[in-house]
Amino acid sequence: MTTTAVSTGVAVRLEEVSRRFGTVQALDGLDLDLAPGELVALLGPSGCGKTTALRILAGLEDADSGRILVGGKDVAGVPVNRRDMGMVFQAYSLFPHLTAAENVEFGLRLRRQSAAARRRRALEMLELVGIGTHAARFPQQLSGGQQQRVALARALAIQPQVLLLDEPLSALDAKVRLQLRDEIRRIQLEVGTTTLFVTHDQEEALALADRVGVMQAGRLEQIGSPEDIYRNPATPFVASFVGLSNRLAGVLGADGVSVLGTPLPVLNASVAPGPVEALVRPESVDLTADPLADARVVAVSFLGPLARVTVSLPDETLVVAQVSSARLADLPPGTAVRVTLLPIPVVVSSPR
Amino acid sequence: MSRRLRDLLGVVPFFVFVGVFLVIPTLVVAIGAFLGDDGRATLDNVTALADGYIVQAFVRSIVLSAVTAILGAVIGALLGYALVTAEPDSTVRRVVTSACGVLAQFGGVTLAFAFMATIGLSGFVTLFLRDSLGVDIFAGGVWLYDLPGLVLVYTYFQIPLMVIVFLPALDGIRPQWREATESLGGSTWYYWRRVAGPLLAPAFIGSTLLLFANAFSAYATAAALVSQGSPIVPLQIRSALTSEVLLGRENVGKAMALGMVVVVAVVMALYALLQRRTSRWLD
Amino acid sequence: MAGLVRRRARRQAVLRWVVVGVLSFVFLLPLFALLEFTTRGPGDTLTWDTWRLLVDWPALEETYPVLWTGMKASFWLVLLSVALTLVLLVPTVVWVRLRLPRLRRLVEFLCLLPLTIPAIVLVVGLAPVYAWVVYFVGGSSVTLFLAYTILALPFAYRAIDTGLSAIDVRTLAEAARSLGAGWLTVMWRVVLPNIRSAVLSAAFLTVALVLGEFTIASLLNRDNLQVAINQLGKSSATISFAVSLAALVLAFVLLYLLSFVGRRRRRERSVP
């Protein structure tokens, strides 16, 4: 496979960026740092301001206040077409009257490259994203996944300083999504462009990014490595948004939280002692069949090597546990089980 | 009775009705154009189309339609563009598109009257210009009731029609295309030249053709406005239909009607072709 | 601080208002002139007499019998044309989609054909057909609804076809049939409720078309609103100008209401 000239990535910094649309505060003092060549995924529920952040960075939207620094320089007065950022939209961004190759050439023509050089580079880029054989097709003749590959090639062809991706995979089916996701990461590592990737799919964010930023209501809740975000969520919101969590009643004391009789270390500090809710991951819950126990298995879902077992406690609270599928034989619905928690740190929140 | 036959029964009323009131009239015109007064086949009617006054009427009709189609297309496209920059459910857009719907298809006699009231001999504007500014718009003769007047009044209904037929294409232009162009480094001008222009061109030309056909077929406005002479084809057909003096001209009327159908059909076929291209790009 | 994007949006808004403003002025001027003409009293005074007469129907009938006849004819023409258009078109188009998909292109072609046959041409061919209509049912102006239905076909067909494309008629019908519904029930209880706005828009367009029709009525020597207006225009311009303005406004109101009925495809934010 041909490798493109490695563009050394550039640092990007958003400082206290705010934006309001009418009554909606889309961004509320967002701070975000991207190291050169890094891929950061912005993750958050719908309407939390991810797209707005990306569009402001691209220059497609104005910030009300705050600064945006690219390579250390404030880009406030720089219009979109001078920002040199490649962009891939959610869908529909290919020019329908141009072939795949012509779409990729579009930005190169703007950079006054010769026809031959353009052509060569376009084919090279299409090759890179894995659809070199479809260069002469029009967008309507390509599948959704292929179209997004062309869009990616088009954005990469101009060797932008920064690559911006706004849910580029959300219109695709699960399998293509997985494939293209890995491809985006491979190419990004190869080319080394600083990349901001917006998504509301946590699995995508965790699998792809160097660092994941979790947003809520126009602010960054937490940013860190995927593992960090998953294992050490800083707030109840992050814990419940990333990964599955059981909300279990507990009592917060000086040396941790006591849930179902088990003391667990606590990740976040700012909650008052007393009755709380602890967010416990399914993999921290262990089940043992025990005819004398008072919890009952109510449902089982098979996920391949792993399985999720839903258990009803005597007070009717439902707890989801993750177990190896091999153990399912011992845990048919109706089984009486003992529920124990592994001493893995949890996040607590004030009871709702 | 077989199921197929029963299925077909369901559409009999439609086909009978359309057959009697659309297909037969069309055939009457098409066949009548080649029949003489005695009912025999003849080419006389068609060759009569080469008569000076009929040729002139066709030329005038075509010029009138072409000029108003181009004027209407350019101004209408501009208005259409102004509308799509507004929110789709905004009041401006609703009011303007509804008004366009009315003016484009409802015009007819009303438009003729409206222009008489505006720039007729005792029209509002005529009087205002004469009394207040000392300008006599009819100094060079009364042009409202002739071809120049028709151009003016036709343009008045062509612009709204353009808005209606061109708006869907403008709506089909996705904001992402402009954003993609700009993020790739293109200016606004570049966007119009390389993206929006080529994308809209088929729709624009197609709409212009439709406007041409529309003006070419229009009758009511001209009939209400022009009472002396028959400068354009529809008015020639009127006089062929109504004059009792010139017996035997009736089938010449049919030949002219057939001529109109041919012109309109060619234009509409081109329109359909361009429309197909547009819908492939902009749906 | 106004950013680049907002500054452009503002420029665009200014352009929009200038274009819409200038063209509104140009387009409203003739309509205003109509109004001015109908309120021009003797010796440059303002008078609403004509408009008062317009709402005083008994007096109107007495003063301008021609106009009254035309209005009555147009009223019936509107009703009958809408009824015939819908009764003829809706079941046929649905039936063709469900059972005779191979006829679809033919039906579409026939429905759109009137677009390529100017009314002035149609009238030439209709003359002999109407000779038969007169022979069978008489020469009343109301019989024009048969021809008007033809004129309305393209517009009504497009509206209904668009409405049907938005739903999956075939699956709906199959579901209803599998639940034991007969074809009539399918049509009346399942399909129609789902294309109500399309049917309504077909009806509105037909109303507007019939209210404005002049060519066929005039050349077949029948009466309708526009023919009456045109006739009166020569003798008593004021009243006929007033009626034509009123009809125009009525058509506008109809189409404006229609714009709330049809649900539009939502565009994404910003502008092209």
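We call the chains A, B and C, going by the order they appear; numbering starts again at 1 in every chain.
What we mean here is this: a residue touches a chain if its C-beta (ideal position, glycine included) is under 8 Å from a C-beta of that chain, and two chains touch if they have at least 3 such contacts.
None of the values given here were measured: they were computed from a predicted structure.
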Neighbouring chains common to subunit A and subunit C, by label: B
Most distant chain from subunit C by Cα centroid: A
Comparison of A-B and B-C (more C-beta pairs in contact): B-C
Separation of mean Cα positions, subunit C and subunit A [Å, integer]: 52
Where subunit B and subunit C are represented by their mean Cα positions, the distance between them in whole Å: 17
Subunit A-subunit B separation of Cα centroids, rounded to whole Å: 54
Numbers and ranges of subunit A residues touching at least 2 other chains: 59-60, 79-80
In subunit C, residues with contacts to at least two other chains: none
Shared-contact residues (touching 2 or more other chains) in subunit B: 174, 176-177, 179
Of subunit A, residues touching subunit B in the complex: 58-60, 79-87, 89, 92-97, 106-107, 110-111, 140, 154-155, 158, 164
Subunit C - residues contacting subunit A, complex: 1-6
Subunit C partner contacts - residues on subunit B that touch it in the complex: 7-8, 10-11, 13-14, 17-18, 20-29, 32, 75, 78-79, 81-86, 88-89, 92, 94-99, 101-103, 105-111, 113-118, 123-125, 156, 159-160, 170-171, 173-179, 196, 213, 216-220, 223-224, 234, 237-238, 241-242, 253-254, 257-258, 260-261, 264-265, 268
Subunit C residues touching subunit B - in the complex, by the definition given at the top: 12-13, 15-16, 19-20, 23-24, 27, 29-34, 36-37, 88-89, 91-92, 95-96, 99-100, 103, 107, 110, 113-129, 146-147, 149-150, 153, 208-209, 211-215, 218-219, 226, 229-230, 233, 237, 240-241, 244-245, 247-248, 251-252, 255-256, 258-260, 264-272
Contacting residues of subunit B [partner subunit A, same complex]: 174, 176-177, 179-187, 190, 194-195, 198-199, 280-282
